[in-house]
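Just dropping this structure here.
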Amino acid sequence: ACGTSGNKQGGNEDKQEDKNFTVAMVTDEGGVDDKSFNQSAWEGLTAFGEENNLKKGKEGYNYFESKSEADYATNLNTAVRNDFDVIYGVGYKLQKAIEKIADQRKDSQFAIVDEVIENKDNVASIMFKEHEGSFLVGVVAGLMTKSNKVGFVGGIEGDLINKFAAGFEAGVKEVNPNATVQIQFAGTFSDSAKGASIAATQYSSGVDIIYHAAGGAGLGVFTEAKNLKQKDPERDVWVIGVDQDQHAEGDVKVDGETKNVTLTSMVKRVDVAVKEVANLAKEGKFPGGELVEYGLEEDGVKISDSQEHLTDEVLKAVKEYETKIKNGEIDIPSTLKK
Amino acid sequence: MEYVIEMLDIRKEFPGIVANDQVTLQVKKGEIHALLGENGAGKSTLMNVLFGLYQPEKGEIRVNGQPAHITSPTIANKLGIGMVHQHFMLVDTFTVTENIILGKEPKSGISIDIKKAEQEVQEISKRYGLAVNPSAKIADISVGMQQRVEILKTLYRGAEILIFDEPTAVLTPQEIKELSQIMKNLIKEGKSIILITHKLKEIMEICDRVTVIRKGRGIGTVDVADTTTNELANLMVGREVVFTTNKGKANPTENVLEIHGLEVKDSRGIDAVKELDLTVKSGEIVGIAGVDGNGQTELIEAITGLRRAESGSVKLNGKEITNMKPRKIIESGVGHIPQDRHKHGLVLDFPIGENMVLQSYYQHPYSKNGVLNFKEIYKKAKLLIDEFDVRTPSEYTHARALSGGNQQKAIIGREVDRDPDLLIAAQPTRGLDVGAIEFIHKRLIEQRDSGKAVLLISFELEEILNVSDRIAVIFEGKIVAIVDADKTSEQELGLLMAGSALSEVREDTHV
Amino acid sequence: MSKRLSNLLIPIIAVLLGLITGAIIMLISGYNPIAGYAKLWQGALGEPYYVGETLRQMTPYIFAGLAVAFAFRTGLFNIGVEGQMLVGWVASVWVGLAFELPKVIHLPLAIIVAAIAGALWGFIPGLLKARLKVHEVIVTIMMNYIALHVTNYIVRYVLSDQKDSTDLIHESASLSSVFFESITEYSTLHYGIFLALLGAIVMWFILEKTKVGFELRSVGLNQHASQYAGMNVSKNIIASMVISGAFAGLAGAMEGLGTFGSASIQSGFTGVGFDGIAVALLGGNTAIGVVLAAFLFGVLKVGALLMPDANVPKELVEIVIAFIIFFVASSYMIRLLIARFKKGAK
Amino acid sequence: MDVMTLLALIISSSIMAAAPLILTALGGVFSERSGIVNIGLEGLMVIGAFSSIVFNLSTAHIFGAATTWISILFAMVIAGIFSLLHGLASITFRADQVVSGVAINFLALGLSLFLVKKIYGKGQTDTILENIGKIDIPLLSDIPIIGKLFFSNVSYMAYVAILLSFVVWFILFKTPFGLRLRSVGEHPMAADTMGINVTRLRYIGVFLSGVLGGAGGAVFAQSLTLNFSHITITGQGFMALAAMIFGKWHPLGAMGAALFFGFAQSLSIVAPQIPLLANISPVFLLIMPYVLTILALAGFIGRADAPKALGEPYIKGKR
């Protein structure tokens, strides 16, 4: 493929010299500082770069931001043309683009986050067991709900978001079979007004804990919870955050005092995964053609470190289930039953 | 002698055209000064310069002897100059009062004191005899009343010098009489008036002096007392003009248009045409006389398929065309010179050439297999432009750039050229100069003489009397009388139009 | 100066002014404008690969621009290109997936179906405008949202087995081009660019040369006179929206059959439809203008991706684009500038 | 959920969702009534949202509970100034107003995100702590039934927006300024001949659209997202534009339309709780607000007449 690839910078020869081991990632439309998986991935790359004394840029580690779907391919190709050793596509949306380019550029190594690409030796797939982490926060919710009603607000329905919903529901039911889980999708990842409205509906129907996996729409869920808290500081309204520790999102001023409505968060360690795959590749063990899954076991998902609202009892239960899951004692569904 | 207005050696150019050159106009205090010129001669342009809408390239303006730089209408207003524009400057959705007080509103607190405003309007309107309904919406009132609103606007601002740009073109005879009276009242109050008109008779009747412009150039100023209509016309056009339209006797044969029991509602859903019967034969011109708003518009629109007929029948050459699609009716042989040429007659942003085929663009030879043949279109346009003396830089010029008279000539050329069996002409000469009027009347008569039927709608009795063979008087949506043109008079028609029955009228006049 | 020359000069000056403004902003905020623009150039036209990407990006912009321009020329404001494009996209992919046919049938079929889908989406606002005088701006905005949710639903539940994206369409319906890939070093450039240029010619031809176009323009400029001249105003309004929608649908086909070869769930609007408004108006609503404006947009959008290489944040590119649009729109100002310049020269 | 709770829920979330749209649509009314098309409302909301959040974050420690209100004022000023760019292009430079509006949208988003990065070093701001919360309006919320339905779980800002539409109505239809502004949008030449400064009034119209659009964005951000990022304003400006046209360029109409949008939206969200609607496929619920709007337009709103001179630059003496 190299003959036709037209790499101007002299391609192969350079590569053979002991050039830095370089890594790059292509974001989806969220951008590199989305407070979510793109950012987390970039943190992983940055950590890798710093450990290996790399500089940001062509000779070290870099990112390419996509502003629209059409940019994926362009960015991936730019990364290829810059001879990065591993190129990450962050987000399931980059699947098609990577598949195509991986075929064209057999000499480059790719990794995709949140999606599986099969039968390509130069593509590693990084997946997370979001359902496991969601199960854990489901356990928290199931134990902590006083009304026996909890809610889930998803963005746009899809495989990925369904994993969160399914795991969560299972976790709730596991510890509290009487509890009901209201699942609703906003149809958007950006409209926080809609998220707020859905949350308002769920809370006023008696739900006291909502787990969101709805990006920007999820911000509306926080807003609604905070509003309710402000109106009635005694009321139990909680939100469970997603992807990163969303503790700060839950801060609310009530009568001059700062309270917090973030019960806990389901943290997805894209950084851990990205860094690990980079290290493997550097050691020449690039998991091409393989699926690398990150669950509780692999430190890929976890419950957030801010745990101030959780009682010891709950924490104990979480620990227990954590072990059980790691030991494979529980089977957690990753799809919603229709 | 002291002049209130002096415009000296004015020159105004537009891209590609010199609209005014070496024009001088001096208006004395207390006179009615006429400004005369063919369509497109540059009258409106000159007045817009005076009113501050355009800046002249050259020349000097003095107001009351003082040099004035009139860079905006505001300054003109301050100098006591008010203008009634050829195309009204009224906000359709506002009331009469709102239009008048705009920019100089009486207030109570922070809101408009509409009561006080209406009172003031009433007062001025009484003082000068300009009857208006202060709270009516402009869109709902007659053209005549709209014009009175325009005049009131200037008076409300205390204008001393009033410019009237073709005020009578859009008025009914009755309204014109009223307007003359109004102008006389204004003069009595010490105001001065500049009047643009194409109607030489009016000039002779009410004006003191006339300034003539020909093709943008000032020709000179004459005292009305020292001149005649013929002389004025010759001055204006630069050649001899024949006035009375020469026409032979009509030779009516078969019925071309037959209308029976036609009923039409207007846009508000009110009956506008009621049980109307009318026949127009080939080889004759039937004029419809009537005061504006008596169903003329709805009648035409029903014939041409633009408005639904509630009941009754319209036949063309014996074939039913009631409520057919406009295009079908056009194709069956109806031509239509609409009353409002800007709104209905032309696509102003199309080249004049393309306007010439607005109805026939899809037919041979202008179009073949759905593709237009611009060569043919513009060939035709050029022919029509020459034949109908449309003054335009070229056939590619946008219709918008043409003066009103030339726009009208273009429309008439287009309609006549399609050779329709029935030609409906609504106010065909409104706003046109004598030369153009003469020309158009000739064309209408030619149509008749070649065996076509012509239906002429006009508010000008003189036109109706001169051109028509038979005259149908319309009143409140009905034809109340049909008379022969050579057996009636302006007075008789006037009475009929006001609703008197023919029998009464004839008795009165004959006894 | 001749009219033709100034017509050519004005957009060029506008673009230059936009770039200069962008440079000033970069300077003020501490970035190197020369490096920034060098990257922009490289990322848009500097290498065959990027030329390919720029042309590919330009393809849907041409169609979206044509769609907006066509409606504008006929007196309508089609804000619904985005939605019409989405339905066209999904429709083309549906045909691409559902059948297996020889390419000569399959590809045209997929393209036509996309156009029909877009046309249908334009038909509704057209019909409502023509029959009930409902303002097309609101209806098309609403239709955008409806399209977004409906196409997402179709992708998930009809065209795929509850997946976030459909499979790749059959090769027989694809616009992708091995030839282009080889000369542009694997860019995603596809044969759609020819269709888009053809589309521009078609629009020009319809509007300027045919009787249908004559009617449409006439109705767009003066409904009343057109009606008096025997044209059917309602029919023309509907026709205009339908044709406009068809162009938009084709923009979707470019994505579905060309760039992506599939359809996926959209978390929001693609933006192409809205950019199409700017493209159309920058291009003065003429076919050739749209092509040029689409090229400009393609250059800026694709070139922008490399600008972060010079440490210029991508947001800055948006700012530069905004200023270029401002300046192109404010051609009157530039005319004044030219006039003053000429006076100064004399 | 009982019917009362449901109704209260629908009504309060309709009002809350409508408030930013009302404000922005009122801004649109000012601009378009003066004859300047404003599809830049989206961008003006972006600027409003951005500047209010930044202001809020940086001054909350000074102003305390009053922060939100002051932030709104600040956003109004900033967005007002920003809108003058649209004025400059479309009034003074006779730019195509739609293009200029599009440019405003591009610029607003680009500029505010650029600044967020400069200021905070990341793609979004922190979350504000002083926000526009939901309250029960004192006294009014105690009225039986009505109190619970209309005056509970709402924000003051929502009622300010509703009251403001009456104020705007008064200004437009009862004051000299309003008369002049409307005349400029209907027939600028007529206004000009009456000594009215067309250019100045159009600038004011555009400026007010900035001020109110900024307020709309500020209210949205401070009551719903509580931070600012590229997804804070996504299409609300276009919905406000739709509300303005839906409301026939009339302030009260625009308010009604915005409330209708809010209602349709919250109905679709609450629907799963309503037995009759519970089993509808989610996709129908998602499109319901938009379908309802189209039906309402087709059913009984019908034609809307824009100000006659809308979109046409005023060139002295052009016929």
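To keep things simple, chains are lettered A, B, C and D as they appear, and every chain counts its residues starting from 1.
FYI, contacts are C-beta pairs under 8 Å (C-beta built on N, C-alpha and C of every residue); 3 or more make two chains touch, one makes a residue touch a chain.
Keep in mind the model is a prediction, meaning the values are calculated, not measured.
K.L.:
Shortest hop count from chain A to chain B along touching chains?
P.N.:
2
K.L.:
So, comparing C-alpha centroids, which chain is the farthest one from chain C?
P.N.:
B
K.L.:
Looking only at C-beta pairs in contact, point me to the busier pair out of A-D and B-D.
P.N.:
A-D
K.L.:
Report the inter-chain centroid distance for chain A and chain D in whole angstrom, where each centroid is the mean of the CA atoms.
P.N.:
34
K.L.:
Suppose each chain is reduced to the average of its Cα coordinates; what separation in Å results between chain B and chain D?
P.N.:
46
K.L.:
Centroid of chain C to centroid of chain D, CA atoms only: how many Å?
P.N.:
Once rounded, the distance between the two centres reads 28 Å.
K.L.:
For chain B and chain C, what's the span in angstrom between their mean Cα positions?
P.N.:
Measuring from centre to centre gives 46 Å for this pair.
K.L.:
Specify, in ascending order, the residues of chain C that touch 2 or more different other chains.
P.N.:
149, 152, 268, in rising order.
K.L.:
If I count partner chains per residue in chain A, which residues reach a count of at least 2?
P.N.:
As it turns out, chain A has residues touching two or more other chains at 157, 187-190.
K.L.:
Of all residues in chain D, which are in touch with two or more distinct other chains?
P.N.:
Each of 117, 231, 234-235, 286 in chain D touches at least two other chains.
K.L.:
Among the chains present, which pairs are found to touch?
P.N.:
According to the stated criterion, the contacting chain pairs are A-C, A-D, B-C, B-D, C-D.
K.L.:
Quick one: which bits of chain D touch chain C in the complex? Just the residue numbers, please.
P.N.:
Residues of chain D touching chain C: 39, 85, 89-90, 92-96, 98-100, 102-107, 109-111, 113-114, 117-118, 231, 234-235, 238-239, 241-242, 245-246, 283, 286-287, 289-291, 293-294, 297-298, 301-304, 306.
K.L.:
Can you name the residues of chain A that touch chain D in the complex?
P.N.:
31-35, 39, 157, 182, 184-185, 187-194, 196-198, 200-201, 204-205, 215-216, 219-220, 222-223, 226-228, 230-231, 248-249, 251-253, 258
K.L.:
Enumerate the contact residues on chain C facing chain A in the complex.
P.N.:
It is residues 43, 47-50, 53, 56-57, 149, 152, 156, 162-165, 168, 181-182, 185-188, 255, 259-262, 264-265, 267-268, 270-272, 301-302, 304-306, 308-309, 314 of chain C that touch chain A.
K.L.:
Within their complex, state which residues of chain D touch chain B.
P.N.:
Listed in rising order, the residues of chain D that touch chain B are 170, 174-176, 179-180, 182-183, 186-187, 189-196, 308, 316-317, 319.
K.L.:
What part of chain C is in contact with chain D in the complex they form?
P.N.:
So the residues of chain C touching chain D come out as 29, 77, 79, 124, 128, 132-135, 137-139, 141-143, 145-146, 149-150, 152-153, 268-269, 274, 277-278, 281-282, 313, 315-319, 321-323, 325-326, 328-333.
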